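Okay, so subunit A shows up in both of these, paired with subunit B first and subunit C after.
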Partner chain A sequence: MSDFLLHIAIIAAIYGIVSISLNLQAGVSGMMNFGQIAFFGIGGYAAAITASAGYSALAGVLVGVVVAAAAGAVIGRLGRNLDAEYWAIATLGIAEIFRIVLINEGWATGGAGGIGSPVQLFPMLEGRSQLLAVLALAVACMLVCLAVAGRLTERQFGRMMRLLREQPDLSVSFGHDIVACKVRAMAIGAAIAALGGALSTYYIAYISPGDLLPFGTFLIWTMVIIGGIGNHWGAVLGAFVVQFIFVGALFLKDVLGFPSELAGALRMMIVGILLLTFLMTRPEGAIPERLRKINAQD
Partner chain B sequence: MLKTEAISKHFGGFHVLKDVALNVGQGEIVGLLGPNGSGKTTLLNIVSGFLSASGGRVFYGSREITGMEPHRISRLGMRRTFQLPRMPAKMSCAEVLLTSVEQPMGSSVFSLFARPGRVRAEEREARRRVFDMIERLSLGPVADRPAAALSGGQQKLLALGAAVLGGARLLLLDEPTAGVNPALRLSLVDTLHEIRRQGVTLVVVEHDMGFIGRLCDRCVVLDRGTLIANCKPDELLNNTEVVEAYLGRGAKRMTAMAGA
Partner chain C sequence: MMQFLVDSLLRAGDLMLVTLGLSTVYAMVRFPNMAQTEYATIGAFVGLLLSGFGMPLWLCVVLSALVTGIVAVALHRFAFARLLRSSPVIAMIGSLAVAMIIRSAIQAVAGTRSERFKLPIDVPHQFMGAVITTTQIVVLAVTALVVVAFLLLLFRTNLGRSMRAVAAQPDLARACGISSGRVVDIIGFLGGAFAAIGGTLLAIGSQVHFNLGQDLLLPVFAAAIVGGLGSPIGAIFGVLLLALVETLVTNLNFGPLVGETFLYVPLAYGPAAGFCLLVVTLMFRPRGLFHSESKRV
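== the complex of A and B ==
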């Protein structure tokens, strides 16, 4: 049982990282990215492919982060003239194209069956101690991402992003290059999502196109929205809540007497209801973004 | 300081501006007047790069800025405000001002992590300037309020303060007194004169004649996209074309009859 809890906590921490990445783009910079799962996928596939080629986990993470950041920058630049809604549709489309390419380029990606990672995190450890070590690593990565996201959000860079999110014309009149801002927000968010994807692949030792369905992006959005869009701690809280519901649904189906094959549908239903409840009653999320107080002195 | 040559703008077949030549000297305060729909804001949008002209050229100092991106024009020191100052709801008044102060270290992702000390020092200096400005504009009581929750007049002041803090050398103000109460309008004239004394040139779109009389050195008047007058504020009411533009043809005769 406690191994199971450790497993849940590891997945939640990885979700937390991905949730922070979307929060930087959508919550702080106001970019409606509906294809975030693709960046998770870039990290995950970079890990699996480099591992299959005999490279270490560190190399895999680096490749994933760099490739995802570059892809994020390109997508941010391509969409520079699109309004938020059109850009959202474009990102959804790009993520689907990426998934279909993964299915069809089987020579590198293993096709629809996915690809395993022969590289493990902490191969010298076994059983519970390995789980604990992975959990410590995932939580440490999550905390580093929180600190990085926090510094990006609270200083001038973040102020520029937050002004761009709310009043782009004012932002331009202040002399801010909003295309450069968007490109940077996309690149950084993509890099953080890729870190989450790589950790997930090394931990589960497998990734497939089935992990990159649009539902994945929907799930990340749910985490950010119920946690508190614009607040990184909220995004992490949202990730843990959604993960808890996912696991809770497994037990709930036994209580309600649902057959096992409906467990997936049940969890989607619960997540959907939760999302709607928050959107209607508390759209700012569980931990809302707060107004920052500027002091004359430090 | 600012010169436009034969600026024209049409939306489809509708001509908003026709061959507008504007010339603003260093240190001047020029009022840009005209009835609603005469093209004042369109001209401001073209000069500041927010809208591209259908024809003509814009010069700022000795430099041609026609077609330049608006944020680049802003960085050259030409700052503008908007008729409706749309302020963010999740940033405080003080934070908006702080955002307007250029902070090269704080806006660079690399410096944020590689040189945090210098980022903090830069921000400390910026905050000092922000609080000086808050005091100058008497925005102290609302400094920590969400910028969007300020009254219309306070938002206008906030936008003005942000433009000055951003290093404006030429300020384009779109109706700075709209929504500002009469007492504050008077002090706004003083504030704007003080800003001019610091070497800033001003172009002000405005309807309030009293305000224009006290503030401006010179007025240019637009009517249906054409410049019809260029004179001192106190000569405006003797200009038949200007009066007709505002009140319609025959207005001069009517005012004369009313006076008789």
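== the complex of A and C ==
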């Protein structure tokens, strides 16, 4: 397996983690979070800033996860009264505020140029074996996130979230504390996304505000939708499909003889068409959510 | 002081027509169409294309509004109307997909360079201490004219009454014999046309590139939501308020507050101020300032 394939697989696994995080909020809980890329960014910047200050990767990941979870909880609490579409735009706006702050507070974040991470995940390894180790770590993290998200979805928490998604009024009448549910879903999702962000920063050794554009969030949404909204395995599948398209577009550009500045347009076009096709013909995605039916007539 | 008002007005002029279109269309279709700001890019580039053929400027604006309006109606019928049968949320994500397709298509066709109309360089006027160019005055005047014409249509004609009826109570409106499909088409057309006029005016006043739609997305949605999605009057006030806040934050001297002579918020924080206005408004008015459940039409 070439180094390039290993690189693709590592990025896909990191996308998978982020995709699971959004699926927990949007798929299971029905919360239209359009600012997920900001939580990825919190994890990434926490990693880069702590690494620059001389702390280890473990400390960086912990800081990122805790800060993101706290930010997610606050946003979930602030947005408790909002309808889906208002909530979507509000989170999009918050993510953009975060990005503007990152660009302007250059003393801590390196400004628009971004910030590097001097800490490597496996400094004792070199070349191919380092890539393999990072891949193993990323896949392991993805599987852990998958297991955590799966367990949460199957337990009482998941049942409450699905009820909140389908019948919010009924959920309140059962005495569920829906604000607490939303806050928890946001905090857990944010923490998982931050883990993805931290891994990405340590692996690439760099993060910049250019990585946190709203398009990033739209991309995560595409992964969740085409994979199968509400299904965590689907979210992972979607992440791998989108990563495959991104790499495929690079080759397609060469085959078609496009100038390299059009590669971005080409892959955005493919992603857009794929997303629209799925929404119009198969809105439940490639691997639909499995809902248990109890005493159902049909 | 005068310069500050002029700057705010110019910023409001940039956003006004696109926001008005977005909010009015939302009242009909009940999902936020995130492709709406891409219609501004389409309009701007169609206008630029036509002016390349040597057409007079006013004709470019009219034709690009016409073309974009038709595109908007076609997209609604082909994509959004079908997606809406699933749910408004699906339609909203679908509009995102449409926005990505439009943006990448424009990037592929028009390239990544900024484009502008070839106009003679005009002399800035001094007006009560503020500087404004003739082009800017014309752009503001055209924007104001379109807004007033739309308000007259909405509040003084039978068609406008039907629109307000469909917006308030779609089922009841249909039961009263209003052809709601036709009204939705007309509003969809106007929404696309307004966005196109707004985009073309942006290209006339400054310059545009393929990312215009993405740059407009958040300010326009922030303004529409602050005013209350679905309320045309709210959209107008939302835009004015947003422009005022964005300009105010970067022009105020916060120095005296912290005991220093000068302390200005960096210019780049202007947009952030607008989004903060959005978040703060939603905390106190979850559906915007001008939202009301139902009213007499």
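The rule we apply is simple: the second predicted complex is superposed on the first by the 291 of 298 C-alpha atoms of A that agree within 3 Å, B and C clash if a C-alpha of one lies under 4 Å from a C-alpha of the other, contacts with A are read in each partner's own complex, and residues count from 1 in each chain.
As a convention for this text, a residue touches a chain if its C-beta (ideal position, glycine included) is under 8 Å from a C-beta of that chain, and two chains touch if they have at least 3 such contacts.
The structure presented is a predicted model; accordingly, all values stated were derived computationally and were not measured.
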| item | value |
| --- | --- |
| Greater subunit A contact set [subunit C / subunit B] | C |
| Touched partner set for A:83, first subunit B, second subunit C, both or neither | second |
| Contacts of A:256 with subunit B and subunit C, given as first, second, both or neither | neither |
| Partner chain in contact with A:162 - subunit B first, subunit C second, else both or neither | first |
| Subunit B versus subunit C as contact partner of A:93, first or second or both or neither | second |
| Touched partner set for A:144, first subunit B, second subunit C, both or neither | neither |
| Touched partner set for A:178, first subunit B, second subunit C, both or neither | first |
| Touched partner set for A:188, first subunit B, second subunit C, both or neither | first |
| Which superposed partner A:53 touches (first subunit B, second subunit C, both, neither) | neither |
| Subunit B versus subunit C as contact partner of A:291, first or second or both or neither | first |
| Doubly contacted subunit A residues - partners subunit C and subunit B | none |
| Contact footprint of subunit A on subunit C as seen in their complex | 31-32, 79, 82-83, 86, 88-90, 92-94, 96-101, 103-105, 107-108, 111-112, 214, 217-218, 221-222, 225, 229, 266, 268-269, 271-272, 275-276, 278-279, 282-283, 286-288 |
| Complex contact set, residues of subunit A against subunit B | 148, 151-152, 155-157, 159-160, 162-163, 165-167, 169-170, 172-178, 184, 188, 230, 289, 291-296, 298 |
| Residue ranges of subunit A touching subunit C (in the complex, touch as defined) | 32, 78-79, 81-86, 88-90, 92-94, 96-97, 100-101, 103-104, 214-215, 218, 221-222, 225, 261-262, 264-266, 268-269, 271-273, 275-276, 279-280, 283 |
| Touching residues (chain side subunit B, partner subunit A) in the complex | 48, 50, 69-72, 74-75, 79-82, 85-92, 94-96, 98-100, 102-103, 105-109, 112-113, 116, 119-120, 123-124, 126-128, 130-131, 143-144, 146, 159, 162-163, 166 |
